Each structure stands twice: as C-alpha cells, then as structure tokens.
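Chain IDs A, B, C, D and E follow the sequence of writing; residue 1 opens each chain.
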Amino acid sequence: MADRDTGVEKIEIGDGAAIPVPEDRGLLSAWWIALCGTIGLLIVLPLVKPDPYADILRFVPDGILVTFEVTIASISLALVVGLITGLGRISSNRFFNLLASLYVEVVRGIPLLVQLFYIYFALGRFVRVPDIVAAVIAMAFCYGAYMGEVFRAGIKSIDFGQTEASLSLGFNHRQTMMYGILPQAWRTILPPVGNEFIALLKDTSLVSILAVSDILRRGREYASESFNYFETYTMIALIYLLITLVLSRLISTMEHRLSHYERR
Amino acid sequence: MADRDTGVEKIEIGDGAAIPVPEDRGLLSAWWIALCGTIGLLIVLPLVKPDPYADILRFVPDGILVTFEVTIASISLALVVGLITGLGRISSNRFFNLLASLYVEVVRGIPLLVQLFYIYFALGRFVRVPDIVAAVIAMAFCYGAYMGEVFRAGIKSIDFGQTEASLSLGFNHRQTMMYGILPQAWRTILPPVGNEFIALLKDTSLVSILAVSDILRRGREYASESFNYFETYTMIALIYLLITLVLSRLISTMEHRLSHYERR
Amino acid sequence: ATDATWPPMEFVNARKQIVGYSIDYMKAAGREAGFRPVFKNTAWDGIFAGLASGKYDAICSSVSITEKRKKAMDFSEPYYTVRQALIVGRTSHARSLADLKGKKVGGQIGTTGYFAIKAAEGVIPKSYDEIGLAMEDLNVGRIDAVVCDDPVAANYALLKYKDTLKIASVIKTGQVEQYGIAVRKGNTGVLDLVNRGIRAVKAKGIDQELKKKWIGQ
Amino acid sequence: MNDADPIIRIQNISKYFGTFLALDKVSLEVRIGEKVVVLGPSGSGKSTLLRAINRLETIQSGTIIVDGHDLYAPGEDINRIRMELGMVFQSFNLFRHKTVLENLTLAPIRLKKMAPDQAAAVAMALLDKVGMADKAGSYPVQLSGGQQQRVAIARALAMEPKIMLFDEPTSALDPEMIGEVLDVMVDLARDGMTMVVVTHEMGFAREVADRVVFMDAGAIVEEAPPEVFFDNPRHARTRKFLQQIL
Amino acid sequence: MNDADPIIRIQNISKYFGTFLALDKVSLEVRIGEKVVVLGPSGSGKSTLLRAINRLETIQSGTIIVDGHDLYAPGEDINRIRMELGMVFQSFNLFRHKTVLENLTLAPIRLKKMAPDQAAAVAMALLDKVGMADKAGSYPVQLSGGQQQRVAIARALAMEPKIMLFDEPTSALDPEMIGEVLDVMVDLARDGMTMVVVTHEMGFAREVADRVVFMDAGAIVEEAPPEVFFDNPRHARTRKFLQQIL
C-alpha cells in the first residue's frame, strides 16, 4: 500500500472473506445465514442424495489437511519474508530499500498462477524439491511481498517516540524493533494478516494445478472419474466457504483479544 | 471492508500492483527499474537467443488480446454488479440489504478458481454459452462482490449533508444518488477500482484453466510442445509485469486528474 | 510419474488409489524385472519438465512415442498401440476432422491428440488441462469434438457419456502411435529395467489379461 | 388564500429518536410573507422542527400542511412539496463536484426541465444578488465559508421556493463572514420571502423577525413579537436563556 | 575525577537539518551533581542540544564527551553510553503494550541481565518514590498524563543513569498535573542527580537550577546562575524573552 496523500478517504478492499464485526449488522446476519446455510447444505445434501454427495465428502478430507498444511507453511514463511521485506522497505539503507521495493513491485505485477508455474519449473531446474515444497515456496514468495507492505504499514503506524524512548534506554535498533515496536505493530498488523491468511487459504486452490492433492485437486479427481462436476464443485465450494467463514470469525475475535492494553 | 471501529490505524493491502506515487520514493524508483528491466529483458532475450524467446513472443500476442478482452468485459460487468450490490448493502430495505450482504459474504468465502469451475460447469448445464462468456460471467460474479464493497465504502465516504441538500431541493433518492453522490463517490472509488482492475487482469490467468486462450494458456501450449518451460514462463511473467506496471502508472495519473475539483 | 486423469489407462479410483491399465502393466513389469514402481500423481502440463529435473525416474502416463519427444527423453519399448479417436456428440454427422472446419475441437494440452487437432486444417483447437474437462465441454456443447487416445475415448463415449457422445472415427495420422515409458535422457539403468519387465509381461501374455480387465478387448 | 392565511400549519407533532422525545406536541403556524425566528438552547429540537417541515425528519404523530399539501397524505409527492421549500444548512452542503453556477442550475434543469441557458441566466442573476457573480466558475472548496453560504442561499432560491428554511446558517462561519450572509438574508426578508430561521444571531432576530418562537426540551415555550420577547419575556425559562446568551 | 569535573563536555558542536543550522558552535560543560536548566524561545535548538547529548541527533562537527566517552569515537558503544543517560520526553513515550511495572523492568532485565524479581523489586521502590506503586499493573492508556510522566521518570531511573535529561517534561500536561511531576523532579535534584532540563517552568528553574542556559537561534546567548539570570540578565535578547514569558 503506497502512502497516498490525496486528502481523500481511502478504500482498500482486502481479498479475504469479509470479517464480520458487530458494527456492520447486515454483514453479521449475512455471516450467520451463510454459516447456517453452509452447514445445513453440507449435512442435508449427503443425506438426501448420498450418491454422489456423501461419496464426495468421503473423498476430500485428506485434501482439507493438505490445504491447511500448505496454507500454514506458506503463511509462516510469508511472515518471515514479509518481516524482512517490511524492514527493508523502511530501511534507510538505500540498497536494501530498493531491493525490497523492487521485490514488492515485481511480485505484485505477476499473477500468482504464473509465479506458481514459474517457481515450480524454475526451481525444478536447479534443486530437487517435492512439489508441495515448491508450492509453499512459490506461495510464500508471492505473499511475502504483500506481507512486506503489511509489516511496513504496521511498523510505520507506531509512534516514533516509542523508538526514541527505547533507544534512549540503551536498546540497539534490533532490540528496539523486537521489544518495543513489533509487539505493538502486531496489533495493527493482525487484521490484515488475518485477511491475507484467508486469502492465501483460498489461493492455495491454485496449487491443485500443480497436482498437489488439496481440496480442489481431490474434487477434480473425483469429478474426472465420476463426471459429477456440478455436485462435486458444489461440495468443494461449501467446504471452502465453511472454512473461511469460521476462520474470519476466529480472526475477528482474536483481534479483539489482542488489543487488551488499549482498553481503559 | 467492514467498518471496524477499533481506534487503530487500519492497513489494507489491495492485491493489485503497487501503484507508485511521488511520496513513496523507494517504490517509484523500484517502478522505474522494474519497467526498464522488463522492457530490456523483453528486447534483449529474443535478440540474444531467438530460439525459443523470439518464438514465444510470436506465439502469445493473441493471448494478450484475449486477456484484455476478458479483463475489460469482466470489470465492466463487475462494476454494474458492484454498484447494485453496493446500493443493496447501504439500502435501508432489510431484504435487499441482507441479500447483498449474503452475496458478498459467500463470494468472498470461496476461492476464485473454485467459483470459476463451478460457474463454468453449472452454467454449462443450463445454458449453452461460449466458454469465454462463461469465464467473464464467473469473473464478474466474483469481482462484483469486491466492487460492491468498494462502492459501498465510496458512497458512505460522501458527507450525508450532500444527500440532505439534494433531497431538500426536490430530488428523489435515485436522482440524488445519480447527480449528487455517485459523481463524487467515483473519486474515492477510482483508486480501489483501478486496484481491482489490475488484480482482475492478473486473475484472468485463471481462466486459462478453463481452456480460454489467454496469455498464460498460450504460453502453456507453447511450453508443452517445445518443453521450454523455463523460457516460456520467463516471457509470460515479463509480459504480465509490463502490462501491470504500465497500467498501475496510468491509474495513478488518472486518479490525479479526477480530483481537479478538490484543488484550491 | 503419472497424470492420473486418463481413465482407463491411469486414474484415481474412489479409494484414492492410482489405478488403470498402465499402472497394472508397470506393476506386472516390476514384478517380472524385480522393481517396485511408486506412482506419483503429476499434472500433465509439467510432467516432462519434472522428469528432466529428476523429480521422478520415469513417466508411465500413456505417453506416445514421438520423434520430437525422443529428442528430449528416452523411451522404453512400446507397451501399447493406440490410435487417436474423434469423439463427437451423438447427433453429430461429422466423420473426420475434415468435417469440422471452423468448429472447435478440444484435446488435452501437450498430447498427441491435441497435436493432431492443431495439424488439421481449418479446425479451431482448444487445449484443456485434463481430458475430462474437454469431455464435459463437449457434453454441454461448448465444443464440437474431442480427440484423444482410443481407449480413453472408448471409456468416455461408451461408458460415461454413452447417451450423449459417440466415437465418430479413428484418425489416421500416417504413423503407428505407441505408448512407451519415458525416462530421462541417458538414464539407461532405469530404461533397461523397464524394458526387461515389459518384454517379460508380453512374453507371458499378461498384457492381454490386462486389456480384458481395463479395456474390455 | 389571502396573505393572512398560514402557508405552514403544524399541528401537534411529536417526534421520537428511539425512545428520546425530540418534539413534544408542537404546533406552529406561519403566514405568507411572515418571518419566524426560532430560538432555544442546544438540543431543544429547533433543527428537528425545521427539518420536519420538509420531511427530512419523519414525525410520529400530528400533521404538517405546507401550502395546502399534507406532508403525510398518501399520494402527495414529497419532492414537489420540497421544491417549494428552500433549505439552507449550517454546513452549506454545496455539491463539491459542481461549480458555483452548476450548483445553481442543476435542480432547475433536472427538476423543472428548464433550458440550460435560461437556468444559467436565472442563476447569474441570483449570484449577482448575493454578490457572488464573479465566482460562478469556481468550485466550492475554493470559496470561504461565507461565500459558500451565500451560494447555498442562491441555490435554494434558484428553485423559486415559496418558503425559505434556515438552520443556523451562520454558526459555522468565522465572525468576519457572518455579516455578509446576514445581509443577504435581510435583503431576502425585505423582498417579502416567507422565512423560518433557526439562529443565535439576536440582532438579526430583533431586526427581521415578525415573531420569535422559543423552544425548550422539544416544546414551544413562548411565542411573541421580538420587542416583547426580548424586552418583556413571560416565562422564567426564556429569561434564563436570554440572560445566558446576551 | 572529582565532583568538580565536567561529566558532560560539549565543544563547538554544529548541527544542520538539511541546510538549516539548528546548533551553531555550541559549547557547554555540566559537572557531576549540577542542575542545568536550558531556556529559550521555540525553535531555538534546545531539544536538539539535549538530544545531541545522547546522540538521538547526530552532529556535523564538534565533540561531545559524556563521562569520559567520546560519543563519536570509533569503537565506542553508543548503547552503553545511553544507559548512563536517562531521558524524559515531552510526550512520555511509555511502552503502550507493557504495564507500568514492565516498562520499568524491561531495560534492566534485557540490558543489564538483572534477574526479573530483583528488577521488579527495584522498580517497585522507584514507583513508590514517584508515588505510582499502586498503578504497577496498569497500562499507560489507563493513566493520566502526569502519572505517565512520573512513570517515565521512574523508567529512566531504573537504569541507574548518572545523568538525567528532561525535554519539556511538563508541557504536554494539564496545569493540575504539572505540580506532581515537578515535585518528583525536585526530589530527584535533592538526591544529587546530575540534570539537564529544558523547561518553561520558571519557578522550577529558580528553585532548582545551579545554572541557567539561554539559547536563541541555535546558539547559547547567556549562561548564569538563576538569581543573576532572572533578576539581572545581561543580553537584550534575554531580557526580551523574560519579558514575554513572565
């Protein structure tokens, strides 16, 4: 996110699920309806029409596991990359700064799917890694750039006085970042990180193209054998929806918890 | 974007390319370097190693056209869907409001790729439309939800006094929206719309999976025949990068133009 | 490696096992020659790149032996002879690719079937990630025909979509097309092993049993 | 209808915000050409009353009849009635994306289907009247608060309303700009416009008002000509208010 | 080093912000136990001088020697030197995510490797001294400005600095809280701490200062004991400043 100073209120729409908050009542009731509807369909469809719906439900669970594995591994790596990138983007060292900016600019300019293919095949040339690892590296490489911007904005949102106070106590720059700034920045960073987490979870569906057996891959396999495309994708969509709905709620709860020290 | 009132500065990272602004010097020089590097590589590589690089450049141009067609058609449709959704989300009619919220919540919870598959196959069952149309409908359906939130935020950012003034002159609600609010909201809306445009352009790479012959599909076809995976994806990535870099700059210029009436 | 989206040659069954004619064939060959194949599901799109980079030792995925491919990798002795079949809708009158000028014809990306479509004059080729997607599109009428290997074609047109699709013809490409196991160029160790297995399978007639089991011939 | 007939007839209206009673059985009549100034402490319901007159606030009981039209009668077109009621807000609320001239011509062109050049001619005449003709091409942000408010008055007049409602038109202005806006309002009063004005400008009230209405806690406490109101108020509440404010 | 030796020795330092000269060949010595109050109009460079002493601002020429260590000597560990210099800011700058107690113990535990319970004991003693022991478990946002500043002073003291630097410690406070902070500072001065204080509190300067330093336009204009400074200033600039402020 570039800091634009145009004097207009800025709108930025993350690409995670909408995280419901008490203030937005329309969205909150929509959240509840969506959740109940999703769970309802996931229960009713297999009962009413076990073939194929119950079959599909039996077929995909290990895909859910893979999706979570890829998501968690990718986001962890992306957080590390993002932290380094974010620090680079605010660094006064011109070289690191430019390097980080360039990374961000290039990664944001190329579709994730192209990056996935590229890293998958390019990596394959030089090192021999399992495809799931290649997929994780590719996801983290891409999301690292977005995380970098999140960290940068988060760190910049912390009053510079905190840095000065920390330095004047005798902490060096690294310690200041670690004990003084990042623990506070975390709070500003958590909502967008949660957002990116959900976005990443959704984007892991792309690794199915690399034949990683995630939810979508399992669905495609089932569909290509049974030809129940419509039914299969219905269930796949419902499963994703359930996961993101629950996660988005968890994140909004966590966010609330994390800000305990700002309450009077 | 839910209106969260946590008293913390909010970070939201759009998923378009970073749009360079004069204030962010690191990003601006990164933009220039990325642009020159991209153009340089696109010229030098085919000259130095015509086989395969020049071949690839000859192979993909019609894919670029398709990518643009899909992008422009999708964003146009998404804007319409988004406007309706946005109006629904701020409507005081509980039914429309809930419907719009539900649409937003569900669409955001399901990966674009799954939606693409789903709409593609589900549509195929009931109506016979060309695949490119199915792809556009699927993209617009998904992006319409994001656009809806953009419109909502944009409309809400306009001072309510403008609405009251318009009503008190005798305009009805529709006219007020049309003459008074939307023309102003457009200005707040343009940056995120530009952002979504670029994000959508990148996401059109997903339609390659539905056998729409966009840039990526063309590249994959070339690679699968020539086995030059690495070289092909290099060129594909560079082409996308060039497009998004140029677009992001165009958008930031346009944004500047549009705000003429706020300048003293 | 195998792209298990190609029934009945290789696909994922309801118990998530990779099964099919090619799979059983390799298992039998392994038994005969003393190796145990481990199958790895891989997207067709990158299957050759993966072989070149050493992600796996061999491809057993209905790979037709072509001159172009021979330049990039080594092949075992052929283990199956295929023809390219043209599948069309039940009511279509098309008999050959020549009848489909100006029409859309689909195939899987990077397959010999797709190359045949591209070679045909006047036909609009469409490439899919998986053959099943092409079949579904044909089924709903987005395309007018699909070209693929005949056992696969038979599987779709005669079993799964028997009410809507039919095999129009077998395309004459001029040369005999055969499946082989692909290995990395110069990897003679694996190649010899595989060849030994294939010879033994043929000698014992196991291949005929497998054909009955999977293809019904 | 002769000049003495009330053009606004408010009878027993009540308005709740949730459970909070903002207007408590208020009745008020305004005759053609009359200038009524509404005074009262903050939160007493002055704005709510004014906004109820053109239904920017909906009331829960009572009736409001403007120029013979019942605001809540089924079949009445509220937008037609609003055209007869010009309103001026504390925060000007000019259309920020339109020039001064466009602010004045938008409604006549769109709602009265006036020809654009006729609308522009009318608009220029009005801008001249409020002393803003030279700024016709400017955008609102380029104007001072006082200038914006004068344009806002002209914009309301462009619809040729029968009544003008003012809600604290000068409270958002720096002191040096209050005068220029009040002058425009005094001129308007001289021209015979029917006006209902919520303001804290006592000088204006004394000079222009035919009648002063004092509100407190959602009710009208006292109604009197300005001489009586300021020099001889009847109610204790009124006296207290005047002490505080003068 | 005896008590009369300067513990801070600033020689001829200059500091530019871009092309703007913020400190113009300033020299100043502070002896152990001495209390120096720095006065001067806004923008005269007081904060810059104070911040230069612990290198929160880097200077372009001149030398600063603190407790025998040259701030700019290669090989000198600036973080060690900063531990000897406690700093108190106008805006308190307490760590918002730490409780009052944690604010005091963080640096001793991390930097002096003090055992957590020992650090807590020391911290409680200091909090007691500044009258904030009962708020040890609170977070900064839960405290008033005056309370936060007292905690900030205690936090600086927790590192057992040899010198305390104060940059307008009371200017961000409501008047009723200034006293409680000044009291803490007076106590500290009585305990013999070496202090350099930028402030506009003339009462404090008179009562506590051994020496008053007056700055203008980046230079030290006058240095004198408070009696002389306030009652008998030598420079015209000083007199003008005192007239404005008193």
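In this text, a contact is a pair of C-beta atoms (placed from the backbone, for glycine too) under 8 Å apart; a residue touches a chain by one contact, two chains touch by 3 or more.
These numbers come from a predicted model, not from an experiment.
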### Query
How many steps does it take, at the fewest, to get from chain B to chain E if each step moves to a chain that touches the one before?
2
### Task
Could you tell me the distance, in whole angstrom, between the mean C-alpha positions of chain B and chain D?
46
### Query
Roughly how far is chain A from chain C, going centre to centre by Cα mean, in whole Å?
38
### Message
Averaging over Cα atoms per chain, report the distance between chain B and chain C in Å.
### Response
38
### Summary
Cα centre of chain A to Cα centre of chain B, whole Å, reads 19
## Note on the structure
For chain C, residue numbers touching 2 or more other chains are 45-46, 49, 52, 129, 133, 136
### Query
Of all residues in chain E, which are in touch with two or more distinct other chains?
none
### Task
Mind pulling the residue numbers of chain A that touch at least two other chains?
117, 121, 125, 187, 209, 220, 229, 262
### Task
Identify every two-chain combination in which the chains touch.
A-B, A-C, A-E, B-C, B-D
### Query
Considering the complex alone, what residue numbers of chain B touch chain D?
159, 161-162, 164-172, 175, 179-180, 183-184, 187, 261-264
### Summary
Listed in rising order, chain B residues that touch chain A in their complex are 1-21, 23-24, 26-27, 29-31, 33-34, 89, 97-98, 100-102, 104-106, 108-115, 117-118, 121-122, 125, 146, 149-150, 153-154, 157, 187-189, 191-192, 195-196, 199, 202-203, 205-206, 208-209, 216, 220, 229-230, 233-234, 236-237, 240-241, 244-245, 248, 255-256, 259, 262
### Summary
Listed in rising order, the residues of chain C that touch chain B in the complex are 44-46, 48-49, 52, 68, 72, 106, 109-110, 115, 126-129, 133-134, 136-137, 140-142
### Query
Which part of chain E faces chain A closely enough to touch in the complex?
54, 56, 79-80, 82-83, 85-87, 89, 91-98, 106-107, 110-111, 139, 141-142, 152, 155-156, 159
### Message
Quick check: in the complex, which residue numbers of chain C touch chain A?
### Response
3-5, 7, 11-14, 16, 41-43, 45-46, 49-50, 52-55, 129-130, 132-133, 135-136, 160-161
